[in-house]
Amino acid sequence: MHIGILTGGGDCPGLNAVIRAVTLALVERCGATVTGIERGFLGLLDGRCRPLEASAVRGLIAEGGTILGTHNRADPFHFFGAGGTDCSGQALDFLGRHNIDALVVIGGDGTMTIAERFARLGVPVVGVPKTIDNDLMLNERSFGFDSAATVVSDALGRLQTTARSHGRVMIVETMGRYAGWIALEGGLAGGADAILMPEQGYQIEQLAAFARQRAQEQGFALLCVAEGAKAVGGEWVIQRQLDDSPDPLRLGGIGHRLTADLEAHLGSQVEVRCTLLGHLQRGGSPTAFDRVLATRFGVAAAGLVMRGQFGRMVALQGDRCVDVGLAEVAGQTRFVPLDHERLQVARALGIFLG
Amino acid sequence: MHIGILTGGGDCPGLNAVIRAVTLALVERCGATVTGIERGFLGLLDGRCRPLEASAVRGLIAEGGTILGTHNRADPFHFFGAGGTDCSGQALDFLGRHNIDALVVIGGDGTMTIAERFARLGVPVVGVPKTIDNDLMLNERSFGFDSAATVVSDALGRLQTTARSHGRVMIVETMGRYAGWIALEGGLAGGADAILMPEQGYQIEQLAAFARQRAQEQGFALLCVAEGAKAVGGEWVIQRQLDDSPDPLRLGGIGHRLTADLEAHLGSQVEVRCTLLGHLQRGGSPTAFDRVLATRFGVAAAGLVMRGQFGRMVALQGDRCVDVGLAEVAGQTRFVPLDHERLQVARALGIFLG
Amino acid sequence: MHIGILTGGGDCPGLNAVIRAVTLALVERCGATVTGIERGFLGLLDGRCRPLEASAVRGLIAEGGTILGTHNRADPFHFFGAGGTDCSGQALDFLGRHNIDALVVIGGDGTMTIAERFARLGVPVVGVPKTIDNDLMLNERSFGFDSAATVVSDALGRLQTTARSHGRVMIVETMGRYAGWIALEGGLAGGADAILMPEQGYQIEQLAAFARQRAQEQGFALLCVAEGAKAVGGEWVIQRQLDDSPDPLRLGGIGHRLTADLEAHLGSQVEVRCTLLGHLQRGGSPTAFDRVLATRFGVAAAGLVMRGQFGRMVALQGDRCVDVGLAEVAGQTRFVPLDHERLQVARALGIFLG
Amino acid sequence: MHIGILTGGGDCPGLNAVIRAVTLALVERCGATVTGIERGFLGLLDGRCRPLEASAVRGLIAEGGTILGTHNRADPFHFFGAGGTDCSGQALDFLGRHNIDALVVIGGDGTMTIAERFARLGVPVVGVPKTIDNDLMLNERSFGFDSAATVVSDALGRLQTTARSHGRVMIVETMGRYAGWIALEGGLAGGADAILMPEQGYQIEQLAAFARQRAQEQGFALLCVAEGAKAVGGEWVIQRQLDDSPDPLRLGGIGHRLTADLEAHLGSQVEVRCTLLGHLQRGGSPTAFDRVLATRFGVAAAGLVMRGQFGRMVALQGDRCVDVGLAEVAGQTRFVPLDHERLQVARALGIFLG
């Protein structure tokens, strides 16, 4: 049996742990040959790939990123971009030429959408969900998410000492353009006083009043703000930037807007400062939790391959590894429900949520 | 409403996060008064306690240990020790004298057994499970466990560099006298080549053969061994020490025994070294995961108090916070089932399990 | 003997370790009374202060920030701002009223300038240098600097995994408005391919050519850029912003300018991304090195007080704690000499320096 | 020019950073060829070596251990052991056969002694000091030392939370068989209440009295004890073990002895616990400080090679990289002088030193 494996979309801590687990499980258990396809789906088109052996992957569990490389925009069905050419035939040729019996595809929503199209063309595909933002459908927790929440939590801890020393309001802007999972989890873990998410608009007057009061009582206030958070009634800050720019992070998004707004409301007596965590959230070695989860996903994906269950994606539900149909996942986003237990927890602690 | 809270048994990362969440939830949501009882059940006997206010606990989420102190052996029903006096009347007096309406008790198996006895005497008690070892019944994951597994995983990462440089077999001895959860989770996350647990005996000849082969292929081998692991057919190492000593860790347990055994089998060509992680596994700041879990447990316990549901312990099942009867938990140990998914994952990766 | 102690200017990891060491040394060795003055020189004006006892400070060594609080702009000689009122009389009243025999002042260039003026008015003052940027005169290494360089080095390590996975050029913008010490030390430790400092202008064409080549050879390139770095021949980016804004960090400084410039030169084939570390560099617990250095400074300052050597500032030269005149330090900046050994080291490794 | 490089003795964080710096400096600056000799001096005998290229070493700065491997006991002049055969001729053959113009040797006292013998035989040798213990002569600070002190400091921080929660006396046993540098630096950084070193004997009665008092005042006590510390008047614990065992760490050394002694003196009211850090102190990624220092040493060694200054070892004096004669270093140990500034600092803080 010959299996191809690729990683698509943005990188994420734990990708190498999945590659390692898929490879070890297939090689050790059933003597398969595994080929790593480089730079996401691009490798299916330009033919860049390399053999993966047990000895080469065994030490990978702690390594950040992906040894295979990845590519954000390489869609064989639209190469490049939305109006691009359909090059999927080239990809099928590649699979045929290398006698690849099945493809394990690790990626996010975009990658699963492509994988599903390949599945419909008859390619035996198994998906592994990759989303730092934790917003893939039918999958309750993904590797990389705990690592990102840990970066947020650590940053809040660091900033608390400077906030306290100067009596400041400090804002941390996290990832989460559409869903607020990282801001919520990282904010809870880091002891944030307020958590702002795309799912729940905030009124700046209320936020400013809360921040002023908390700063008086506690000497400082920590705000944890998802990239996609937005003021209610006001304009959709991020949306406008998405139209104008490929990378809103670089233009200064909600964090800087909020800093200016809060300063205007709080006056010169309270200093407000903002920190963007940006790429720090996706780099580096995965946490122990993410290493184990990525390893479980990898072994589960190898199991699907060995049992011939294709067109499926591995997922975590409760604490169980299950599998779901690729078609059920593609093109959707899992938002934080406004009655989610974590939000109830945050409310019980007196955290401002908008 | 006046609520007492205490922490019993060995300390654990996340205890302060529970104390914080219980207090904030009770004070902010229903204006309760919260009193911290010091040094576990001992405080019920000697009357040492102090008021807990929102402002005092809000900054506690990252702090290791317990600000209330704890005590390993203070059982009011047997004070001190198995043949001790029943001083539970004194404890009841304390609760009456301070008009304490309910007691939140954070602790492990021993603590829950005591809590259950108080519940039978009519004390309104709510339990919060505390077990780094993750071996309390009906609770699938406890705070402190992720922190301990992270210490194990980090230690394996550190030791790998020295193992590789010297071509050694290196052993890490973890906590887990009765159940192997920490060795299993930490070993998976740290890329251990072998994981030995109390639940699965090992044959030294097989282990030595495996270690020799792995060291040849990979240049080194990493073994992750729970404190309570045991050789098959051989004597029960730990059990004998338990009889002789109050603290087997200090005498050199399975790790040192295994080092000597492996050296005997491997000969002078392969060096074997052992590291005991000991108390490092229970000290320090909790991981982001544990902070959130402890916070959820704390809020859930406050909810039980507010709804008057006593004699219950908060628990995690799947990813849901539920509650179970104290009587169902007390006096039992949750072992790693030999068909557990994590063990299947380990086997799929070619990890030696005995 | 009654000693006052205050922290001025921006916060910095290690301030609490100094406060602890000064207090322990004065209390334990000569039975002095120590009073902590709050929020920098502001406490001398509004009278906010509190007694510091050995038991209260002993646990402070690992705590970030300053328990006394600090203030960036509270100059008793110009209250507030450059054209402000001279309130130094109030400060002298405070010292007299509390019978304070000597003042230990921990701070940077601005704080030392104020301390020196007080010294000229006859106040027995001892200074302890505080500068994350490591740019105080006559002091070769200050606490906080190693902590900041560690944050930079860790960030470079994290970003390397994502840079490598995506084949990107990644920029890290560090502190260092006038001197490049942090970028240089952190960049060396983090394996940066290029280090840009205020002391050495760069030509964008050369930098772009270097980045392209390094990205081709290595698959990615990491650039470490001090806040105050500037293009040669071009305008002085930061200077202009200093005129316009109280906080250039928040407007997007050199990092974003460089990102745009490099993208223009490198074309669409190479992605460029930027991360601002900002306040992460000054928050959090000090490194072991900084804890020891801050402790040495604190004990040395206590020694100056006990020996009656006032108007002096503690300093590190070589690895020796010495003391220098406050007047020699005030109003100056220690730049990186272009023939400094660290720069020679960077050149020997093929690091691009401009 | 063809340069050989090898690492001897125990591994240490920063070895790879030296290998990287030597290689980059020699390859980039003067187009030299560099060959890595494997497993210390053993590679000179069995001929195992490999070419080192710039691209292969550039990413090594953060990696723990040594990619070349090392060997504790491979002395070509006594192969193996004190009464072994002189195989130095074989080593000279190897150097001649590969046309190696100079040898860079990274190691400790034993390695420098061997290097010095080769120098006397006419081999152009340059030494780089490697000693976690920081006890090589004429070199004030070595890479790996800051990393080890950081492990000790972090461990003390972790153990403090559990010590405080249980009201315990906790002992951390560090490396330092002959010199107490690690215990001193790590103990200062970690806020230890007592620091015991080989250079300064302690009386158990005084230590017990101090620990009892500190535990009463502070609620706990932290003791940082070098492996080679010893009781005054009592037997030389470690020395006896050195006679009996190749590895005293594994038998339970001073830490366990001290635990038992303190328990005997303190009675059942105060619990005493001990943690051995062992190999954790030498594994893992070097700190930022050690990465820079190792890099400086590597570049300085390359400079000696290029200038033809052989028979010399790089060293740090003050903060300057200098070089000293191999003969001045070999066979000696740098102890902590009892009037050393760090000891004076410790005394000023009220730390018990014996």
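By written order: A, B, C and D. Residues from 1 in each chain.
Heads up, the rule we're going with is that a contact is a pair of C-beta atoms (placed from the backbone, for glycine too) under 8 Å apart; a residue touches a chain by one contact, two chains touch by 3 or more.
Since this is a predicted model, take the numbers as computed values, not measurements.
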Self-check item: Those chains which touch chain D and also touch chain B
Solution: none
Exercise. Would you identify the chain whose Cα-based centre sits farthest away from the centre of chain A?
Key: D
Practice problem: Starting from the mean Cα coordinates of chain B and chain C, work out the distance between those two points in Å. | Solution: 41
Quiz item: Taking each chain's centre as the mean position of its Cα atoms, how many Å separate chain A from chain B?
Solution: 31
Practice problem: List the centre-to-centre spacing of chain A and chain C in whole Å, with centres computed as mean CA coordinates. | Solution: 34
Quiz prompt | For chain A, residues that touch 2 or more chains besides their own | solution = 157, 160
Exercise. Report the residues of chain D in contact with chain B in the complex, numbered from low to high.
Key: 7, 10-11, 13, 15, 39, 63-66, 69-72, 155, 157-162, 164-167, 170, 219, 247, 250-252, 256, 259, 273-276, 278-280, 282-285
Quiz item: Which part of chain D faces chain C closely enough to touch in the complex?
Solution: 21, 24-25, 28-29, 54-55, 58-59, 61-62, 140-141, 146, 149-150, 152-154, 157, 160, 185-186, 188-191, 217-218, 287-289, 291-292, 295-296, 299, 302-303, 317-321, 341-342, 344-345, 348-350
